[in-house]
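The structures come next, written out as structure tokens.
Next come two complexes, and both contain subunit A; in the first it sits with subunit B, in the second with subunit C.
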Partner chain A sequence: MQSRSKLDRLLWSLQQLMKIDAMNIVILVIVVLLGWSVISDNIENPARYLPSPIAVAFSSVDMLVKGLLPSYFSDTLVRLIIGSAIGLAAGIPFGLLLGLNRTVADMFHPMMNFFQSVSGIAIFPIIVIWYGNSDMTVLIVILYTSFFPIAFNVLSGVREIPLRYINATRTLGASRFQVMKDVLFPGAMPHIATGSRLSIGFAWRAVIAGEMLAGREGLGWMIFTGQDADKTTEIILGMVIIGFTWIVLDHYLLRPMEERTIERWGLVQR
Partner chain B sequence: MNKLIPKLVVEGLSHHYPDEYTGESVHALEDINLELYEGELVSVVGPSGCGKSTLLNILAGLLPYNIGVASVDGEVITGPGPDRGVVFQEHAILPWRTVARNIGHGLEIRKIPEKERKKTVQDFINLVGLTGFEDKYPHELSGGMKQRCQVARTLCADPVVMLMDEPFAAVDAQTRITLQEELNRIAMATKKTILFITHAVDEAAFLGDRCLVFSARPGRLKEIVKIDIPREKRVWADMNTDAVFIAARDKILASVREEVSVAVEE
Partner chain C sequence: MIVFSQLSVALQRRFGRQRLRKIILGSIPFLFFITIWHANTVFGWLPPVFVPTIGEVWEAIFFLQEDCPGFGPLIKLDNDCMMTTHILSSLGRVILATVIGLPAGIALGVVAGMSRPISKFLEPVGVFANSISGIAWIPLAIVWFGVGWVTTLFIMLNTIFWLMFFNSMLGVRSIAKVYEDSILTMGGSRWDVVTQVYLPGAMPSIITGMRMSMGFGWRALIAAEMIGGDSGLGFMIFTSAAEFKIEEVFLGVIIMAIIFMGTDKFLLAPLEKWTVERWGLVWKPS
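The block that comes next holds the complex of A and B.
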């Protein structure tokens, strides 16, 4: 009986999903594809200006067969993972360290806000001057874009932790490092979750921009060279993949992680 | 028990600080001298703003001072340390730790292995009457239970002196009476040296072996009232007919009220 009702519930929730989300999305996608096809059919030289969805699909099959697409895709993904992992690994402790002292925290707050507002694209020229068109340049820009949002968020989170928690832990004999580990880190957890998601989002944009400006492979490079080679199908294909990857990443990994953390902490921190 | 060597000594302690808004120098404490002997519970009472919380923060090591000397077991206080445990008025237990992990935090900080920790923690959980709540989070506890948890956390770290800053001020009247009797029992069981700050005269008289009355700002030690009632006889039900208690309470009350009227006139 138990398994029976579980199955029913599963079917029911699938139906619900189909009814609202999936159906809406399918309809929307069909409408967009249709509109796109109609425009593509009615302009001159569609291969250059706006290839039809079918042409894009063929080109993707072609690139899949040649193995180019998987290779570009994994290049970009690896860059994102390495860049944002280092960015988070450096940004979280940095935010916590600044937060150890209220005066230092208040002092650095505006500066961190300043740096997180100067987007990755805006620092590109100077990094290219320093490191040329290299993988190093791309990595530095990704690091930069993922470091500041997380560090700034962690710092904000630390500033919101009631002073009495810090004082109480200090009177138990805790060192500064122990206060950081036992009070600041768990206390800033919701901000760490939000900051991580923001950071990875910025890093994703930076990877693409970086590959366009200074890379030699990856999705960004693919759409950039598509322009030179008049391969509009590849440009559109790249854009679709970039958007789609982010939606999947955000919807199935980052957002659930953030929501779970905030929910759990919201329950605890009352 | 060595009655001759005090555990906590304060000599000639004065404290001034600049007012947050006007920048004027505020004179919070003036020439405080006091000694706490082993196993003694001393209550401090005075009108609000008399600097009693300032005194506690200095003793806790959370507030730097430069006039006078304060020491515990002969060691001059320069910052927070595990020799002085503090129970704060507001709930200061960490909301993301369970009751047991909060209580064991001091031992964890001292890197006591988990196995050893567990037994000690359970002893203190039982002592403060939180048995069965080991795995609850603070938001699942009532105000009184949170304060029990805080007391247990402080005791579990085994400080030389326990400093308590109006710990029962924020709980309801019924709970407060119970907590006062519980603290009396705990003081008896653990023989801890305790400095208990309060603005409630009844509480000061009920708990203190001695009660220090502070004057209005700048806080001076105005009067010391001895309360000679054995701990085992301190039960609220008997206090209304206890001549010693009534006399001590009235004396403290009169002393505090003089100061309150001074503060109001100023």
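The block that comes next holds the complex of A and C.
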């Protein structure tokens, strides 16, 4: 009896500990690092298959000193930002314009769906034949991947706006432009937010794959050459950086933006 | 004239007026696109090295299947039946990864979601794994498994598993505790709670995860086949591009789009709609 209550108390205090989020993550990281180093200690040829965390940390210091890591990182990020910014800036107005007229919207919906389903990485071989292994190729692949999901989402968003809102504003004497500005754009806002997140998500993956395939310098290239040059530490380092960058982008930038937009502009129909 | 009107009436009866309108309207941009493509070959705006003619793309099918000995070797993925071999090996990987990855992800996700502390603990793992899943694993997979079948399967499995795991875990966690308690009060076992509360309650989230995992997984698979594969549609278009056979590249891209759209439209979208209608919009006590 006595021992059971002690155990309960111990469990309870453990649970209290787990409630703290930061503590959670620290414990988790320690557990993962320990498990990782145990595995890497017990396999043959760890340098090739799974280098220990310490080796990865050393390689990151090495790459930082040489200045390779910051330059790769900024290369990848600049590509992502330029590509997705142009893609979004072109995709949102395009989707809105197609959505202006219901017949036109119905007409282009299947086609946009078609291009949205063809992933950017699938058209990579075509772009390579057109432009060769250049920065242009990677940029076009990113543009393609970010343009179609957003345009398709905006188009579906505009199509879902109830006709009576448009009719009401038209009856009150609004011009085409005013309808677009006051009804279509705010009405499609939640879809724009969701679509942007999706677009940037696909674009991020396309950047990594594009750099690997076209051999342009960046994080994707870093992990790809790491595999060629038998430097597994660099591969794992690159993967960790890719993971963290996307978490920071998604959880602290895109998702709060999406949630706020949906809260502010979401059309709740009852 | 009478034949036409009869045909149109028959078509309207068959598809319904609205759907017929959508089908006809939706095919106009495609026809326009094909016309422009054909006009390009006639007027020669872009050289045929960059954009093949429609006839060449059509003939590429027969060129790739030229040496195929027959139906038996075709199913056995004979190297001479190039096109069908690549299509079937891509599809096979998708099916295999789905058959293994979906149940595993759902089962582990439900188990992890059952306990709140454990699920809170594992949430960062899911977030991190999802954010590097897919393409970033390709180099490490090549180091581990070499170039070939296992690497591509691993990439696809990785993508599917983590998305399913994360989504079903969050789905189970979002169910109100009232339901669980009521089943237990009425004398249900732990297993009853799983089948009656957790699985149906998490169903909308699971189906969304399924659709997402197909979207991301299919893209990752194509990239994996290009970089670390020795068969599959991604491999086919990549090697064709290296040999400057642009018509084969176009053919591969079109086949991929058709397969992807087919699964999305005829399998996943109806499934999602059905689930949301059947299980979704569960009343949540505030």
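Observations
We take it that the second predicted complex is superposed on the first by the 237 of 270 C-alpha atoms of A that agree within 3 Å, B and C clash if a C-alpha of one lies under 4 Å from a C-alpha of the other, contacts with A are read in each partner's own complex, and residues count from 1 in each chain.
Just so we're on the same page, a residue touches a chain if its C-beta (ideal position, glycine included) is under 8 Å from a C-beta of that chain, and two chains touch if they have at least 3 such contacts.
The structure presented is a predicted model; accordingly, all values stated were derived computationally and were not measured.
Using the contact criterion defined above for the overlaid structures, shared-chain residue A:Asn42 touches neither subunit B nor subunit C, since it reaches no partner. Comparing subunit B with subunit C, the partner in contact with more residues of subunit A is C. In the superposition on chain A, A:Gln178 contacts subunit B only, with no contact to subunit C. Of the two partner chains placed around the shared chain by superposition, subunit B is the only one that A:Pro186 touches, whereas subunit C remains out of contact.
In the superposition on chain A, no contact is made by A:Ser5 with either subunit B or subunit C. Those residues of subunit C whose C-beta lies close enough to touch subunit A in the complex are 21-22, 25-30, 33, 49-50, 117, 120-121, 124-125, 127-128, 131-132, 134-140, 142-144, 216, 218-220, 222-223, 226-227, 234, 237-238, 240-241, 244, 246, 249-250, 252-253, 256-257, 260-261, 264. Residue ranges of subunit A in contact with subunit C, taken from their complex: 15, 18-19, 21, 24-25, 27-28, 32, 48-49, 103, 106-111, 113-114, 117-119, 121-126, 128-130, 202, 205, 208-209, 212-213, 220, 223-224, 226-227, 232, 235-236, 238-240, 242-244, 246-247, 250-251. Those residues of subunit A lying in contact with subunit B across their complex are 164-165, 167-174, 178, 182-183, 186-187, 189, 265, 267-270. Every residue of subunit B that touches subunit A in the complex is listed here, in rising order: 60-62, 80-82, 84-86, 88, 90, 92-96, 105-106, 109-110, 137-139, 150, 153, 157.
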